[in-house]
Each structure stands twice: as C-alpha cells, then as structure tokens.
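Next come two complexes built around subunit A: one with subunit B, the other with subunit C.
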Partner chain A sequence: MKKLSVLQKTIITLVMTTVLLAVIVPIMFFLANAFSNGTEIYEYPKTPIISFSVTVYVEYNELNNEYTVKYVNRRGEQQNAINSNSGLLLSNYFEQYFSVYKTGDELLEDFEIVKTEGPKEFTYAKNMFHNFKTFFYITSKAEEALVNSIVAVLFTILISLTLGSMCGYAIARFRFRGKDQISVFLLIVRMFPTVGISIPLAVILIRFNLFDTMLGLAILYSLPNIALTSWITSSIFVGINRELEEASLVFGANGFQTFMKITLPMALPAMAASSMYAFLTAWNDTISALILTNDHPTLALAVYQAIGDNTTNLQYAAAGSIILIIPALIFTFVVRKYVNQMWGSVSV
Partner chain B sequence: MSFLELVNLDKRYTQKGNLIVNKMNLSIHKGEFLVFLGPSGCGKTTTIRMISGLEDISGGDILIEGKSIINLPPKERGVSMIFQSYAVWPHMTVYENISYPLRLQKIDKDEMDRRVRASAEKTNITEYLSRYPSQLSGGQRQRVAVSRAIVVEPKIFLMDEPLSNLDAMLRVSMRTELKNIHESLGATSIFVTHDQSEAMSLADRIVIMRNGLIEQIGTPKQVYFDCESIFVASFIGTPPTNFFNLKVVKENNRIVIKNENIHYTLPISEEKMLAPYIGQDIIMGVRPENLEISQSSSDETFFVSNADFIEPQGSHVIIITKVGESSIKISSPLLDLQAKNKIFVSVKENKAMFFDPKTEKRIR
Partner chain C sequence: MQNSVIPNQVKPSFKEQMRKVFNKRTAPFWLLLPTFLYYAIFWLSPILISIKEVFTTLDGSFTLFGNFKFIWEQVSFLPALRNTAVFAAVSVILQFLIALTLAIMINRKFKGQKLILFLIMIPMAITPTAVAIVWKTGLISSGWINSLLQSLNFVDETIPFLGLRGLDAVMLIILIDTWTVMPSVLIILIAGLGNIPEETKEAAYIFGASKWRIIKDVTIPLLKPSIITAVILRMIAAVQVWAVVVMVMGFSNVPFLVERIAYYVGPLSGLTGANKLAYTYSFLTALIVFSVTLIYFKVSKRGTALDRGTQK
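Right after this comes the complex of A and B.
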C-alpha cells in the first residue's frame, strides 16, 4: 500500500513536471524572443532567459582613428558589430541591434578611456520596451487594430451570450418538437472550421454592408460560440431547481425579473466560461479576419501581418504577440474567478 | 363566508390525460390550518400549485374572498409558499432572501429592514442574516424559507411538505413552531403532507385525498374515528383499522353480522341503518383500540382467538392475532397479557364502522 503511494507520487510528480515543462519552456523562449534585441534574436543556440543588458568589447583602432565594437554574447564569445568613430552611427547601431538607448556623445565619452587604457568591455542596460515601440512603429495600424479587436470581442460576447443563454434556457426548460435535433445540430455547427463559413459569409456580409466591420466579424465568431454557450448554459439551467424560480414568481417577480435576478446569477459560472471561449475565439483569430476585413484588421491579424512582412525581425512579431496576450490574460484571470464560483462553495 | 374556495376544480396535465385533480370542492375559513393528506401522487402538490398560480387549471374556479383569482399571476394572488426544497436562493444572503419580496414591492428601506428583522426574529434566525444559505443547516434554511413566507404578510400560506427534508427530531419541533407562527399571525394555512402524525397534530381540518378525489374532510378526530370510506379507515392510524368481510342476517329478531368465526349482534340503535343490507355482504371496520379483550366468553364476544404475538408499546400492547385468514391487530391496556393465551375479543359499543363493499363508502 505504502509502496504504491510512493509510486503514485512519483508518477504524479513526473506528469506534473512534464506538463509544467511543456508549458513553461515554450513560454520562456517566447518571452526571451519578445525581449531580444536585434543581435540576440539570431544567436544560436538560443537561451530561454530574458537578458536585461548588453555587453560590448571596444578597441581603439589608431590607424583608422575609429572604435571597433564587438558584441559579447552570454557565453563570452565576441562577434564583430561596427567600426566607427561617428557618435550618430554608433548610437543608431546600438538602438537598432542592441536595444540600447544612448546618444552618440554619451557613447563616445564612455569609449574615450579605451584610447589610453586599451581594449575594454562595457555593459549597458537594454531598453526593454524597444521591441514594443518598434512593433507599433512598423505596424501602422496597431492602435486601431487593438481597438478593433476589443470591439469585435465585445460584440462576440454580447451576441453569443445573449442568444446562447436564451437558447440554452429553452433547451433546459421547455419541451418542444425538434429539441434533440437542435441540440445535436448545435454541436455540428461547432465542428465547422470557421474559415469554411467565412467565405460564404463574406458574400452575405457584403450584401448587408457589414463586410470589413467588426460587427460582421463578430457575427462569424458568434456562430460556433452561440452553440457552445447553449450547451454549457443548458446543462447549468437544467441543474437549477425549478422551485427557486417558482419561489421568485410567488414572491412578487415576473418572469423576466426572475430570469435576471435568480436564474442568470446562478448560471454565472457558465456564462463566465462561455464568455472566455467567446473572447478567445474572437481575440486570437487571424484567418477569418483576413477574409472578412480589408482596411480594418484586428490585432491578431496585425501581428500576423507584422511577421509576414518582416521575417527578418522576429522579435517585433513576438512583442506584438505579447501585446496580444496581455488583454487575454487579464480577461481570463478576471473571469476565472466567476467560473470557479459555485454558489455554496463558501463553507462554515 | 369562506375565505378560500375551490369550485369544481379540475386538472389534467395533457389534453387527453387523466384528471389529476377531479372536480374538487373545498372551502377554507379564515384563520384555519388545513392539511392535505394523502398518499404520494394523489394530487396534493398539484392542488396547491394551482392555488398559488404556478400551475394552470383545467376547469372550475378558485376564489379568494369571493373573487376569482385564476387569471392572476402568482405574485398578485396574495399567497406565499414554503417549498419542499425550501427554495432559498443560494446566491443571496439570508437578509437578501427575506427582503427579496419587499424589494420587489419597492417598500421603503427602513420599513423593509424593520419587517425583515421582525420576521427573522419570529423564526430565530436573526444571527444568520448576513450568511449565505450554504453556511446554514437544513433546519436553518427551512427557517429562512418560513421567514420569507411570513414577511410578505400573505392572505394564505401554502406549505408543500415543508418538513419532509428534516430529520425526525427537528421535524417534530419545527411543526410545533409552524403551528405557533400560524396562530400568532392569525394566518390561513394549507399544509401538504403524506405523514399522518404531522397532519393529526397540526390540522384544524384534514382533507384526505386519493387519486385526485377528496375522500373525506374533517377534524383529526373525525377522520380517525368516523371514517367516510374504507380508504380513510385504512390510511389513517397505525396500526390501521381492522376489516372483516361479513354477512348481515336476521336472527331471533335482531340483526346479526357474522361469518363462520365471527358473531356480532348489532346494537338496536344501529339496526335501522343496516336494515337494507340484510342478506348482503358488508365490510365492518374496527379500530385496534376499539377491540376489547377478556379472558372469558360472554354474549358480546366477537370472536375467539389466540394472542399470537404481543408487541409492547410502553403504555399499551399491540396484540396480533388471526381470525380465519385475516390478521387482526388489537391495541390493549392489558400489559401483562401472555402470548399464546386464548383471548375473547369484543367490540366497544357503537364503535364499529360499516362499509358498502361495492362503493367502499361508509354506510350511514
């Protein structure tokens, strides 16, 4: 018995470690990329550790009267970087390839000492926001895209939660013909790849003047999520004792008040979970946005395009992805609280 | 004038389905504590749900103070209800639960607070007002449900097996409290139960139902000693009424009711009642405590038998015996009776009930 429990413990530890590694290692690489400067990004092998500073080795070349700057990587190896005595060139190079923000004068002042004391290493702090700034700089519509994404997400949540929860309630509470077929059909909708629906939908959206609008996009995103929301909420609604609603009716509420004050709050965990799915569908999609928009990209699409246009500067796309992730993270953490909130979990 | 009146009330759940409630007529007085008693599935819940408006009616009428309420939504009927599951809302605190009806009526805050506290005090839950129902025991949740029901000062309280989810001890103490609250408020209550001891101890009048029909309406004493039908006589009482299948004959100018083992000479006062049945079969019912045991034969001897088993009950004993094929239970104060003894059983005067075997109704 005891031996078994040790075995179990070992297995559980192994599994958890694997899962953690499988999650953490890619995230570490991803973060390291997002905060890499233009030189680090091409290093091989990559270290999944974020670096906060840059070390350069500087020699003074009397013959040409210029500084030879070499980049020192984390293993101490030197790579040629730039030969120059121009403050402006040095400063630009440091910004672009090292993410170090120093004026030419500052750099020249630092390097002066090399002339008298011989070659020397200097360490500078990286500007950690460099990639983010550059992302917004090179992605002309990034700010607009962020707003677009938020609008698309809000519409998606609104549409899929309203229709989905009403549909879920009907499935849970009423008996009508074709109910079983409808609930199976909802699942089938869920199986469709959205891109398959995007193309025919594009035609319809153009008809209704909704092409290249966030509402049009949200309609597409809502299709699978209405189905999902109905499924999730109907299972919760079925579990809500009818007497709770009936008590509300007896004690002075009408049907609508009862739904809003009794039924819906108790289905809140289901609504929260559904809104999370709706959020992620709308927030992370690129392919449908590519089909259904023209001049108004979502943020995910903007990031995708940044990678597409700029394969040489992967770190900016990675930074864009971080910008994409942050709202999703915040939303998930806020909503998670409600997903786990089962009424009655508070014990004495 | 009656306070609440059910007139030919019908209910079917499907268009061509059975009548779950069948032509029910009932009138309830103000201040009365009425209990619906009947086996599970007889339509008790359906009936009070129709009164509360949670269920449509299929025919007939329901009147409160002379006015039909069948077209009013539940909230306008002036009833309040205590549900079997308590139906206390889990996402609201006790205070919010109790104040919910008042908040919907948009009652002024101070007034609301005063009423919530007063009703919480009546049910002893003042100290739990800020808790969530999940932090309460079953009995406490029950009190919240009661509190919420009384805060609205309704015309009628409807209670659907409100005590059935409580443990036995609590059930007994809670029923006393419910009765106290009923009396202190001067309320009119309908209480549904399938537990006869609950019904007996609470009711001013009991309505005994079976298959959607009212079998008998009467005080606890009436439904116990003066049963209208075989069903009531067998449903009420533990142990239930003993039944004997007998024949009515005329012997020596007296009416005698008998079979091969049993002999009962009808009292003269009851002869007129059974005269039409002479020569016919009849069912005689006698409560266990209306059978008397003696050690010797007499003119009154009903039957002679052996005391097969004796079950001491403290204050009395239950004697189980056999006449012909049927098992008979007798409740007797003779505490030191020995099992296997020969017993001579007689019927207390005028305590036999006679039923028509075809209609199963009492012969009056």
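Right after this comes the complex of A and C.
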C-alpha cells in the first residue's frame, strides 16, 4: 500500500491527540477531585493534578492569644481558614477541611515557633485515604454494599457459566429438532431489556423468598448472560477438535471425564470472556438493584444513593466511584486477552 | 450374603434404565432442560405478569388502553419519548461516525498503536454510576469543565451546565454517553476490519482506486455485518439510558423512558398508580427494544457475525 502523505499524517496525529486528550483530561480532573480535601474541592479554577500536601500560613495574634491559620492554595493565594488556640478545634478543622491527620498537641507544638519568629508557612502531608474513609462513614451500608456486589457477581458468574455452557455444548455438539428456534430464542432473551423483567420479577422473587437478596439479583443478571454464554461457548465448542474427544473416549475415559479433561480446558477462553460479561452486568447495574433490593444495596447503588442530586461534597462520591472503577478496570483488561482471542473468530 | 447378591442383580437393570433415559439422543434435552426451566420461571412468567398488569386496571378488571391512556396523560410522557428517541438516534450516529474514523486510522500499523488503543478503551471499563460522577464534578458551575474553558479563555463567565433543560440537556448527555461507550463500538469495528483480507484492498489499489474509494467501496461494504451489529447493540443500550441522566440532571428535569421507571419505583414508590405507570413504561421500553431486535433480524438475515455465531 501507498505510504501516507504528510498532510494525512498530520490529520491523523491531530485526531488521535484530540481523542486521547478527550479521554485523559476528564480522568485526570476526576482523580484530582477524588483526592481533594474539603477546601480544594471548592477551589476555582481547578487543577487536573492530584495534590499530596497542604500548605498553611500561620500567624500569632497576641491580642486574642490565638493562631490565625490561612490556607495557601497551589497558586500561592491565601484564604482564611480558622482562628483558634484550641488544639482540639485545630485538629478537627485540619482533618475535615485539609485531610491532614495531626493531633492538637502536635499542631500546637509546630505553631509554637510562630510566637517568637513571626508568621510562617507549614506544609503537611495529606492523608490520601481521607475521602475513602469518609465515604464509608457517611454512606450507610457501604461496606456491606461492597460485599454484596462481590456476592452478586459470583452468583451471576456461577449461574450463567453452568447453565450457559451446558446449553452451548448441546447446541454445538448434537443434532436435534428445534435447534434453530432455540438459537433465535436465546438471542431474543439476550436482547430483551432487563428493566422490563425487573419489576414483575420482584413478585416472583418475593414468592421464593429471594427478594432483597443477592441470589435474587443474580437470577436477574443471569437472564441475558446465560444466553450470551451459551452463544459464546457454542461457537468455541464447535471449533474444538472432535477427534480429541473421541480419542479420549477410546482410551477409556467416560463422557464426564472427557468433558472435564479435554473439552473444558479448551473452552477456557470462552468461559473467561463470558464471565467478564457476567461480571460487568452485575457490577455495573443500578436500575435492577434499585427495583429488587430494599435494605441490601450493591456498591453501584450505594454510590448512586450517596450522590443523589447533590452538587456539594462530590469528593466523597468520587472516592466511592474509584472503589467501583478499579475492579471493573482490572477485570476488563485482564480478561481482554481472552476476549481479543474470541474477537478473532467471532465478533460480539 | 443377601446384601452382595441383590445389588448385582439390580445394578445392570438400573444401569440399563439409566441408559434408556440418558443417551446420545436425549442428551441435548437434559442439557437444555435446566435453562428452559430457568427461563420459564424467571423470564417468561415475569413477562406474563407484566402483560397482565398492563392490561388490567388498579382494581383488577380488564382494560385494553386504560393504562396507556393513563401514561399518555402524564406531563412527562411525551418529553420522555422524544428525549429517548433523539438520544438513541443522535448518540448512535455520532458514536458510529467517530468510531469508524478512528477504526480506519488505528487499523494501519504504527508505533504506539497498542498504547493508544488501551488508553481509548479506559472509559469503556468505567461503571456508569462512576461515569456520572466523573462528569458531574465537571459540570457543576465551579467544576473542571468551566475551569478548563476559562483557563483556555474560551468563555468569560461560568456556564451553568446543570441548569440546561430540554434538548440542550439531551445533547449534553449524548456527549457524556459518547465518551464512555464509543470504545465499545470501536472495538467491534476494529475486529471487523481485522477480518477483511488485505488482498481485497490491494486489488482495488492495483486497479487504480483512490484511498477514499477503497474505504467507500471496499472497506465499508465488507464491514457491513460488524456495523449492523455495533449499531443495533448500541441502539438497544441507548433506549435504556437512565443512571447518568438522574445523577447529573436529577429526577424529572430531563425525562427519559427508563428514567421514568426508576422515578416511579424509586422516589414515588408506594403511591397509587405509580406501580402501574412503572409497569406500563417498562412494557413500552421492552416493546421498543424488542422491535429494534426484530428489525435487526430482518436487516442482518443470515449474513452478520451475530447470526453466524448462533447458527453454527
């Protein structure tokens, strides 16, 4: 093929740069927000760089016998923060608004020098986990929600892999009447919006005593994923060499052993890909969790409820979202290798 | 003594019986049975319940259009329908055009290709709830978008993004949605491009076709199955948008179909009629998605990747 001209190269570079900036800039600002302390979050204009420390300017006011603490932002401007000589008040203020964890005595000891040497700037390291701690503190049931999400994910993977791969195996390996109809049915189930199922499903789950449980949620999440898994695995099972299985049978293994020792390991990439989809469905969903749970939210739902319509104190919700993002990010990219393998032969 | 005799007599007959029930002919039946039971209980019966609810009144008597009339009378119904339609149409087209351009650019080998692909894919892996927060921190009037615009001297005063209503707000949500899901369209298209043999393009080139003609007359027609798959999958997801809308704009400010469902089962749950409205909205949403799926069947016939997968 012909090489690209200079103009074309320039256009491609420009487009790529724009797209990369559009992806990275929001994420950088978001991270900076998630690690902001209670003062930085209201700073304007904002900087897309995470700060790790806080600088304060401290004066001693002899008249009232107290310290005047001013917050120094990253452009060097000073902002009034607190006037006090009480160690407890200072310590509380530093924790709440600066994310700095220091006892009152430590702060007073540091500030003592101001009395003799005049106003001075101090720099303290921020506790980077402050927002995460506060998120779990102000969001009731956040810890439980994290566990709930993991449980729901595991149930979903378990149900959709077991039922889905059985289905996929049947479709791939046996000839029977109505096979085409089954394939079409599975595709319809896959495309059917879970929202439409969630509300009436609540009625059924209540009957089975599964309402407001993670198993109940997993049952819903598995609906599209069983179909998806059976579709992914059937296309893999078709590709697996049948003679290998026959050889195993000839050497005296029974059907189950053959499946466990030969077929299953070869279908592993498909399983990994399917479990990734199952994970993402269960981990990312909020609407069904909203409908099918009462007192036991999943993490995505807890973060959703934590923010509501608020526009203040977004740093805590942002910290909560980081906890939400990390597993999804890791999972997506770890399993991507397998998924890429799949995309070679099958497109999703 | 008896103990050792009886099993010997019973076992073969039991084994034979088992063989009668579990053999090669019945195997697919046994393999499919659990899934069918599962779908009968947890998929089909909810749908039947939902149909029953949609066609009965609050006191349980049959009505054909009663609930649809009820939903029609809601002030937010038409805006919800319009917003969802505009959102689905514009976002899918926008995402498709961006993804196609990028896919064609990324598809040729160059240095750093893998890294760029990795970076572009990050937003796809971010949970929708988190995406809403990423953008909410930007859209508040002291947020990072205003910071950025002002420090680049694009605007003098802060823009109250969260005060936008109507189609302006829909456009804003389209941009957010594009940011997070465009990569998934991109991946399907790149996979499709990878399946096009290099020879076809070379042949066209040898016969004197320009680059633009190759893209227009060779690449895109061959890419059609992937394009259809990507567009339909996106369309189905786009009809169901809600979390981002509620978290960024709040309930009822910019109504969408599924946003309405969340509203009636969330803040309004327990109110007389709210449940009926939720049922009717979810019925309508399901109906729309289902129609899109059927259109997909029609358009794709046997040719697309998805079909190939199921027909194997």
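Quick note on the criterion: the second predicted complex is superposed on the first by the 295 of 348 C-alpha atoms of A that agree within 3 Å, B and C clash if a C-alpha of one lies under 4 Å from a C-alpha of the other, contacts with A are read in each partner's own complex, and residues count from 1 in each chain.
Everything that follows uses one rule, which is that a residue touches a chain if its C-beta (ideal position, glycine included) is under 8 Å from a C-beta of that chain, and two chains touch if they have at least 3 such contacts.
All figures in this text were calculated on a predicted structure; none of them were measured in a lab.
Once the two complexes are laid over each other on the shared chain, residue contacts for A:Ile182 go to subunit C alone; subunit B is not touched. With both structures placed on the common chain, the touch criterion links A:Ile291 to subunit C but leaves subunit B unconnected. Of the two partner chains, subunit B is the only one that A:Gly252 touches; subunit C does not reach it. Set side by side, subunit B and subunit C differ in how many residues of subunit A they touch, and the one touching more is C. In the superposition on chain A, A:Pro265 contacts subunit B only, with no contact to subunit C.
Residue contacts after overlaying the shared chain place A:Tyr97 against neither subunit B nor subunit C.
When the two structures are aligned on the shared chain, A:Phe279 is found in touch with neither subunit B nor subunit C.
Shared-chain residue A:Ile226: touches subunit C; no touch with subunit B. In the superposed model, A:Pro26 makes contact with subunit C only, not with subunit B. The contact surfaces that subunit B and subunit C form on subunit A in the two complexes overlap at residues 343-344, 346-348. Contact residues on subunit B toward subunit A in their complex (touch as defined above): 52-54, 73-75, 79-81, 83-85, 87, 89-91, 100-101, 104-105, 132-135, 148, 152. Against subunit A, in their complex, subunit C makes its touches with residues 24, 27-29, 31-32, 34-35, 38-39, 41-43, 45-47, 49-50, 53, 98, 101-102, 105, 116, 118-130, 132-138, 140, 142-144, 146-148, 150-151, 162, 179, 187-188, 191-192, 194-195, 201-202, 205, 211, 225-226, 229, 233, 236, 239-240, 242-243, 246-247, 250-251, 258, 261-262, 265-266, 275, 278-279, 282-283, 285-286, 289-290, 292-293, 296-297, 305-306, 308-312. Contacts from subunit A toward subunit B in the complex involve residues 241, 243-244, 246-254, 257, 261-262, 265-266, 268, 343-348.
Of all residues in subunit A, only 1-2, 12, 15-16, 19-20, 22-27, 29-30, 32-33, 42-48, 163-164, 166-167, 169-172, 174, 176, 180, 182-184, 186-189, 191-193, 195-201, 203-204, 219-220, 222-223, 226, 230-232, 234-235, 238, 283-284, 286-287, 290-291, 300, 303-304, 307, 309, 311, 314, 317-318, 320-322, 324-325, 328-329, 332-333, 343-344, 346-348 touch subunit C in the complex they form.
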